[in-house]
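Two complexes come next, and they have one chain in common, chain A, joined by chain B in the first and chain C in the second.
On to the complex of A and B.
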């Protein structure tokens, strides 16, 4: 039996955010975040216009949630560098860290309180109702991970698994610091080994030192009725690269905010996501490339397939600050509506305040190409099969950007399976 | 580019040509807004009780509203109690029967502006309902239009002579409570134009209204209502110039269009109000609500605008595509120079089956101008096979200006097809280079490039307007290459 419950302030800030025994800077940070909280964003908060959580009732977990231990799913890729975070809390760490790669529970790092980490935590902008979830996250700061890659090290892949499923919302923070010339491929798996819904509020802060490169791949396949709010803030040093590829196949409500801020010249980012909406899923992606420095490049690619009663939202923003000459930004979003009850909303924004800039975006919402369909049919391919092929191809442009072969294969397979499972298909 | 200095500044610094004040005694209500003032406006215009009630209802609702702040605009606070809500030339009580009786100073003003009133109007084939401040003072071609059954008159006249039509359609597209400025307009509007095209009639000429703000401290609250009955066709031209002034002036107009079955309304605007000086001082606040309703099947509404004036422009001419197969179009050129700000675009609401819409928006930013396109394309579940194409291009000229695009796309029907594309770039250097090395001067080259950039929109304008619009852009931009 499921029951409806609205998100409310009481759910989150019922108990004091100050924890005795923790350093005072940390408690101050938590308290000031808690003081800023004025409620969840609704339709009037522009960034949450299409995902008005304040008005929306979000399904809570089942009655037996108290006793439920989330099951860890099959890992997405085979690697020895794997961290399992159950309900946001670290439960399994890699046996031993690779050279130059340091992964530790955030709780431990908070006690050590290295200045760079403290600065990073304190630098997160959380003012305003649009950052309500970050305020809650900071108020509850404690769970999560600290990941550090030393200068010049290629740390390979690191897999984070996020089985989750408690009655209360879980808050987790991931801090990633890549020193000069470091490389890492962070793979995240938001999935439960069972059908229990998850409820997770995640904030990730990524700091890229000069010439560093981070690949970030994310699969979200939580059970229906799950709630995932994710915010990723990337701060780019000179000549850094950040590539994000997300694929969403599940959840009741999933929101991803991914923002690249170019603080150093010659940096670049590539933000990509593919969403397959089924059931009552509501998936909202907010991509932002903030060009503060000269000669930076950003690309955004979004593909949405909305079936059943799902709603998919894309908000892509490019901001070019005054003087950020040589900026180059491209944005492409496309949506396929498969059902009469589904909805796609797109808002591709450009805010340009410098003149030596190339910025362009294209956005479409429509159906599969009839000519391509006809071609396939004339080759003896059934309509259903043809539709599947074209829909897969439509999303492939996103997952083809995953640099890891096994991961790429695994994502493609899951996409195919998820498409087969679409309840209604074409109506 | 080579000409960073002299020419550019000289060209950019070109003074507003229409900056003069005609000295006429105006019958002006003291500043301030209250139910009494509204009753006074209504009484001065001999309005029926229902209209006064309608105004008061709007006013009472307006009091509960807050001025919106979502647009990407920097607006100095407006003191609504400091505005005088009614101003009419003295001759109002004794309206002129023909143009000969019109105050010669008025005609002189139009003359300076090049308004094709009087003979010139006939030569140009244009009927003019000239609005001087808030009350219409002269209307030409009435007889010719009357023969076709077309009603083209000032709003006040329509209230007196065609109350049933006004009552039926007023507020049917833009309700009193629609938004902050529309509510204000509904409460205090003084005059405007009224057009009624009967069934099956193709309006024999282009209808044109020249608006002109004149008296100091007078906000203009125009109300325009155009009704096109089944199978009719009308093209309406609106052009504006205003005298130079130091204080900001508020202009909050409302335009409502109603197109019945197979009717076709084309609404063109050239807006060249005072944009403020080089330091951004003064200038008109142009906060306008324009909306058309394609009420019945096969109807079509087309908005074309060239916005070069005003300190702040805030307008979104929209189409509600209710009738099956109805068509909405929006063609826009918006130019901001110096400290001008514009937040403009459109809304296309697809409700009926097979509805189609096209949006072409060209933004040009120079100096410290800020130019934003904001548009909504909404396809409701009922709008099967709806189709939209949107293209917004922005051109940046100079280091300190900004160009922004905020498109909203909401699709709830799987058979709909919506496409949006946008580009932002500086003026094409390769094109410029090509022209220069062919011996074309830089100014001519820029003028050509900008003209080419805007061509898609200009060709939608009626001839006379296209010429005026092109000239306007040239004046504002010649040599503005940084």
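On to the complex of A and C.
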């Protein structure tokens, strides 16, 4: 029996997605997304093979009372640039935007309908069953944020907190536009201040103007039985950089699709994630680097620690288009099984259609190094503490990618603490 | 301090120690020599409690307690320290962090307050100075990418910080340059005290010029086949182990009578 939340897809689409009073382009966008929806992906949908949501029970929950009392957790980092989105809806905004940084609720931006935003929204590929959640997301378009950083501005950190727990699944959209040479560190905290399970379907669209740089750090520590479906699409201009670092410690089912598309030359991305699976958690990461332009560089780093009965999936895709010469792609994934009932599935997927390409990948799954464990114990360190030290060390290469000292520290601490929450310890 | 009687131990079903007897008193330094593969490291591992080393017969008493009943970390907390012949590399675990965790685990076991980072750093600086070791190894991951000699120095450094009651140094002198050898000797001599015992496993007489042992033993095919004073080490260095097999033992026994 799967413990994750049930979905009620019929309900999303039972009522019309068209909202009177909204601009017609928006309603057209919603309607066409809704028309494309053919059901949730199942085992036959290649990209969802290991995370067949359609196989989960789908039942109507719309008339259940909304019992969620939003409790916002401690902020992951200390900053005045903080947005709290409860059930995907903006509930707290920064008092004053920093110079050059504009953060506004998506609902307001949709009414203003700036052309770049409209273009961005309309550009999201949502065909096929693998994009079922994006279809639902677009059909329900309205909640979320629009983030804009003006040319040449380093906007520092921006924290988004996502407490979530309505009975119905929430759909939120984040649009991020960094103009030429702009910089931002987007920090996201998927966590509830209570044990109420979350149900969130999030799509993020990121547009990087020439030379722009976005750091994106994400902690997911939702309660068991939570459902998080996240899709992040990054469109790279020339000489842009995108660095994603995710750490997952919770949820019933979490799925992250992170895709960098190199439209301009000389761009680079670094996609990193560390997952600690506990209980019945199912965490699925799909990274993709799409080399459409020449001389771009992509790196993917994945570390999975599977405890209890958890299942961790990694799919690392690299696509190098014909003519994208000088592409460089590196990929490394490693897994650690802490329990006999846990499972890790890691798969590289390389599709290289250009010449003069450097592509390296490696994948391993194993157990904790017994020689290292004995070394620690022989110095007086308990087995339990030793296991924590070695697990943290195993994930270190990912956590070390976080460019913010305090965040780095707190992620390391969170990981160590989460080890305590493993039910079985070592089996 | 340490009393080993009739110890038999196997690794992967193969008997390596075949009735080993050894007694080391507090305040003493013993040297164990012996051919490759004779079981010296096995003895160290059995004392430290490594998994996979099965004791099939005999006993090991440490400070009057049955050592074999204790988990490896309990043995360490009770003061047992093994300087590994091949120290393990642990990428991602900082050397200083590791050593502080170890020291504080041992302090906790003794009912002492943990040392904070300031106090710990002070202790570390003090020990480094005595051993003439630089502090560059502190900032790196445990043994990761250390040269052979650096690994051995790191073992001695850990010993100096943890201040064990019973230290077993498994070929800590192998592959060291003269300065490092002196540092090792310095570490051992610093530790030497009436409450502590040290076992040096070595192939070379050279170390024993810096650290004068009270007793020298020869371990061969899983047993102590000869014991004597420091002169035994000299004799072995001159004659090699074949001398023992060719009647040297009888010669020794005769000399002892």
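In this text, the second predicted complex is superposed on the first by the 410 of 427 C-alpha atoms of A that agree within 3 Å, B and C clash if a C-alpha of one lies under 4 Å from a C-alpha of the other, contacts with A are read in each partner's own complex, and residues count from 1 in each chain.
What we mean here is this: contacts are C-beta pairs under 8 Å (C-beta built on N, C-alpha and C of every residue); 3 or more make two chains touch, one makes a residue touch a chain.
If you're wondering where the values come from, they're calculated on a predicted model, not measured in any experiment.
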item: Overlay on chain A: chain C relative to chain B, clash or fit; value: fit
item: Partner chain in contact with A:351 - chain B first, chain C second, else both or neither; value: first
item: Angle at the Cα centre of chain A, taken between the Cα centres of chain B and chain C once the superposition is applied, in steps of 10 degrees; value: 80
item: Which of chain B and chain C A:322 touches, first, second, both or neither; value: first
item: Residue contacts on chain A - larger count, chain B or chain C; value: B
item: Chain B versus chain C as contact partner of A:382, first or second or both or neither; value: second
item: Contacts of A:363 with chain B and chain C, given as first, second, both or neither; value: first
item: Touched partner set for A:397, first chain B, second chain C, both or neither; value: second
item: Partner chain(s) touched by A:374 [first = chain B, second = chain C, both, neither]; value: second
item: Lowest inter-chain C-alpha distance for chain C and chain B in the superposed arrangement, angstrom; value: 16
item: Residues of chain A that lie at the interface with chain B and also at the interface with chain C; value: none
item: Footprint of chain A on chain B - complex, ascending; value: 70, 72, 379, 381, 394, 396-426, 482
item: Residues of chain C that touch chain A when the two form their complex; value: 48-51, 71-73, 75-77, 81-82, 84, 87-93, 98-99, 101-103, 105-106, 109, 141-142, 158, 162
item: In the complex, chain A residues that touch chain C; value: 369-372, 374-383, 385, 389-390, 392-394, 396-397
item: Partner chain B, residues of chain A touching it in the complex; value: 46, 50, 322-323, 335, 337-340, 342-367, 427
